[in-house]
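The same chain A turns up in both complexes below, where it pairs with chain B and then with chain C.
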Partner chain A sequence: MTEIGLPRSTTSRAVTLIVALVVLVIAAALWGISVGAVAIPVDVIVNTLFNLDGEQQTYIIIKSRLPRMVLALLAGGALALSGAIIQAVIRNPLASPNIIGINSGAALFALGMVLVFPAIPVAWMPLAACIGGLLAASFVMLVAHYRNLSAVHLALIGVAVGFVFQAGVDYLLITSSDSESSAPMIWLTGSLWGRTWGHVAISWIPLLALSAVALLLSYRLDLIALGEGTATGLGLNVPRQRLILLFVATMLASVAVAVVGVMGFIGLMAPHIARRLVGGSHRLMLPVSALVGMLLVVLADSIGRAIAPPIEISAGILAALIGAPFFVYIMLTTASET
Partner chain B sequence: MSIKSLVAALAGAMLLIAPALAVEITHDLGTTEVPDAPQRIVVLEYSFVDTLAAVGVSPVGIADDEKRDSIVPIYTNIIGDDWTSVGTRKSPSLEVIASLQPDLIIADTSRHEAIYGALSEIAPTISFDSLTGTYEVAIEAARTIAHAIGKDAEMEARLAEHTATMEGFKAQIGDVTGWSAQFIVDNGEGIFLHSPVSYNGSLLAWFGFTSNMPSPDGHTYEEAIVNTSLEQLSEIDPQIIIRGKYTDPGLTDSWVGQPLYDSVAAVKSGNVYDVNAHEWSRLRGVLASEVSGANLVDIVKQLKQ
Partner chain C sequence: MSITLAGVTAGYGRDRAIVADIDLTIRTGEVTVLIGPNGCGKSTLLKTIGRLLKPRSGAIHVDDLDVLRNDPKRVARTIAYLPQSPVVPTAITVEQLVGYGRAPHQSLLGLRSPRDIELVDQAIATTGLDDLRARPVAELSGGQRQRAFIAMALAQDTPYVMLDEPTTFLDIRHQVETLDLIRQLHDAGRTSIVVLHDIAQAARYGDRLVVMHEGKIVAEGRPADVVTPDLLREVYGLECAVYPDPVSGTPVVTPR
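Our next item is the complex of A and B:
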């Protein structure tokens, strides 16, 4: 620990910040459980959560809002971690899961499955999305790895591949008159509507495991951040580490996108907000990113349910709507570090 | 009337003799055990409102797109207006549905397949193809739903009345096999042709009209409701256009004077007839088809050769 230790004041400030963020995330999640199309008093929520005597609302609390909250936490954290890793590896502040084609790859496969192969049950959509995201990102990563391309070239190839998949998405959207069947459209904006414990069951193990791996690998990001030459000089096999890190980031984002849909904002902005809060050291920045991502998605989902019940506004839309002004505020009020 | 009430009384007596018998209902998304004579029913498409109205049952919740007057008087005259809106048909609020504590949910297969699991956790859910189904499919679904809610006798009586009404319209309409008719929706930005495999297409075919549209093999939304350009409309060249406009003026009004539009057979001969877009394009079922049938009788009276 001591070899890359941080100044004590930075660490204690960061610990305070992390504790504050954890409290905020928990508060937001509890608030999220209490809002929605049906108003439920706090005592009923407590009765239901702890199975006490008195009135309970089992379905709404336990089967509707709770799995959504769990998914929002898992996916928000995963998307933010993925974004932070990709920004560090590609060494580009504009990078996000989107830049290596994950979002458009996932979107094309999900839409394609529903519109081109309507016979396949919609329940398979998350799997199709995951495969699409992995396929697009794997192509980018493998090409960059085997041709030994620099981070900038990797990003450019990622953008190009993303455009190809996005063209496919646009083609499907324009040629389809199916604005009526909603599943793919709602999914494209990133939403937790209709998510159940079934979605949690298929995604919590990979998301938690990958998040743990991401946090364990954070010190390697600090080395890569020094620049390819320096990192190699310090004994790091940069191309190999880059491939491993990008693979972890891709898996995180693909699984998250598969269960909650496309939420482009989280992966791009949460790491920036985190960097502004605790600086560039990834050992702190990664967990803070994850917490910021969780907070954003939980708030976005809760506000989306509270704002105009019984109609829900997609969390992806609200995440951008509330996150962007906050991001600008943070950019303007903190000292420039990057 | 007395026979009908006798039948109803008989059915009621049978229910009293054999209470709490669950029925197994086979529907588009599986087989579901529906508890005996469900009382609190939530419906997620208008055609299921139609079905319940046909047997005099009031749903507790309707996905009415947050517009209460989308449930038209032919329904509210029977079911009243005590229902709770559960949001849009596209994405109904699961929480509101759950808060109504339903004992049966009736869903649309193409709209709600993705949330079928979540709906089933709330209450037994049966699902039918309303959005992309034909007239025949709608009537069959009405029969199955009536069976699910223990109203077989009422539905058979209503369907007998329905058949008589529709046959009466058919007789007034006469032989129209020489006429190609096309129902189109004009929403101001685009036009949508309801193909032969759609509900309205199959209804027109039932009355004997022909269609110039190719009939697709499959049965997806895009094949039932086809977003079309003026060129394609002129190629299909129907002799009668039945038009439902959601905006006034519609897109088709802006085409008047364009040679391509003016040369469409129906436009040239003055056989473009406006009907209520909401009633035709969104409502399907026993009562809705009788409204459409009455419209068609009027249209045929005005036909110009």
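Our next item is the complex of A and C:
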């Protein structure tokens, strides 16, 4: 007989919470598919998704709204997991994929491809974003690894690298004379606008695989969060584990940024909400974090389409609008713990 | 059976070595206390044995186990190491923290066996944390936190335990509690190596003192033999009177 070593009440509470979150995520996704320029009743959605008798809306649902819901779920989960890993490794509550420069690195490379090399097919944009994110994070990670830097130094170098890439993004936007398309601006605010099955096809395998790896490493995250001294005493090769975990986190965020753009707030907020809900044990906190991230992105995207159809407001903007007040509330009520 | 250091030299970055060419044998079954002035290298030496710092040269063996060349998890099943002022994790309970002590004995996912549960319960009972086991570590007082971390090291169930300044930042009562706990470990058959600042406490609670000065070991032996006015003058640059403690009979130091 084995158990995961948490008080039974904590575990059963967490299981209840996870089930509740799954139900909420499904409900939000169904609502998200129903709202937009053309409102679709839920029974029509169910008929369409499961190919039942009765009225169906195959074109709008299958071609337009389902892929963006799938992407919202994948990206929301990935950004939240990435943020949770980075917060544990850097041991800084302010940490998120932003802090090791991933988002701006990804944004710079994707934008650079579109604006500087317009001949390259747009389908390559996600790959370019990945390269940028990995480049930014690798720089931070390699410097930290070879100079054996503390968590604080690592975070500070990450902030600096992020600013350099952000400066590049701003430069590209200012100097770009091509104003006929607002796509880059929309993408930079984090949006699911115009996402297709093509975007799902290039991202679902890496996102699911990386999420699985993240969950497998959740107990290591607990140990690494104890700091280098204690974790080393418990038999962890801390520099190596830190590198592996940050690599997983970077890939998760980069692939997500590649398909849904920059939604910086999810990676910061979802882990804090999860920690508040189930505590700091990552074996529970990581799955809850992923579910919270999914819920936030799905809700943000859906509300963005429901407010004033056919105009869409970017999910990234709404995620910050919905999440920020809740986030501030959490910070204020847990201030005494830190 | 012992910990042996042979020619260990260690330091940070490219700076000069903090500890140089250390030869030391820690005997099994004793409480060995490392003392010396600030910057003498005692914490650095402990970090080196704890694998937190890779030595530039030399060898470290625990029993027959080559500490520097072996799987870190395997070493962690033989020797426990608690750093000075360990990081207090957020939203982790005492029971969870003590449970981490079992990590070197567990697989990737940290699933607990009945033996793990038994040892965690034992460690919590030994350190008197039963009433606090469901409380977040971050909410505990300094003394209670230190007990929780010592309980974690206990649950690790290693024959050797190293503690780096476990009494720092504690008031006198909690210092004594912590030191009594170390004696308890000794009585339960564990060998401990402890870094302490207070010479009288070191003399009272240690079976053996190792005195360091400028990266070298300058004296080693039973407290009564080691703590002398001459040594204190040499190491701390302080003229002191040394007299027996009225309670324990071990040496106490008063500056002149």
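Everything that follows uses one rule, which is that the second predicted complex is superposed on the first by the 320 of 338 C-alpha atoms of A that agree within 3 Å, B and C clash if a C-alpha of one lies under 4 Å from a C-alpha of the other, contacts with A are read in each partner's own complex, and residues count from 1 in each chain.
Note that contacts are C-beta pairs under 8 Å (C-beta built on N, C-alpha and C of every residue); 3 or more make two chains touch, one makes a residue touch a chain.
Note that the structure is a prediction, hence the values are computed from the model and not measured.
J.: Tell me which partner A:P121 touches in the superposition: chain B (first), chain C (second), both or neither.
T.: first
J.: Just chain B (first), just chain C (second), both, or neither: which does A:P310 touch?
T.: first
J.: State whether A:G194 touches chain B only (first), chain C only (second), both chains, or neither.
T.: Touch partner of A:G194: chain B, not chain C.
J.: Pick one for A:L236: touches chain B only (first), chain C only (second), both, or neither.
T.: A:L236 sits against chain C, while chain B stays out of touch.
J.: Give one of first, second, both or neither to describe whether A:P325 is in contact with chain B, with chain C, with both, or with none.
T.: A:P325: touches no partner chain.
J.: A:P41 contacts which: chain B (first), chain C (second), both, neither?
T.: neither
J.: Once the shared chain is lined up, is A:Y59 touching chain B (first), chain C (second), both, or neither of them?
T.: So A:Y59 only meets chain B here.
J.: List the residues of chain A that touch chain B in one complex and chain C in the other.
T.: none
J.: Help me check something: in the complex, which residues belonging to chain A touch chain C?
T.: Result: residues 1-7, 91, 93, 148, 216-220, 222-223, 225-230, 232-237, 275-276, 279-281, 283, 337-338 of chain A touch chain C.
J.: What residues of chain C sit close enough to touch chain A in their complex?
T.: 13, 47, 50-52, 71-77, 80-84, 86-87, 89-93, 95-96, 99-104, 106, 108-114, 116-117, 120, 134, 136, 138-139, 149, 152-153, 156, 162, 164
J.: With touch defined as at the start, can you tell me which chain A residues reach chain B in the complex?
T.: 36-38, 57, 59-60, 63-65, 115, 118, 121-123, 125, 176-178, 180-183, 186, 193-196, 198, 305, 309-312
J.: Write out the stretch or stretches of chain B touching chain A in their complex.
T.: 66, 85-88, 90-96, 98-99, 110-111, 113-115, 117-118, 121-122, 131, 192, 218, 220-222, 225-227
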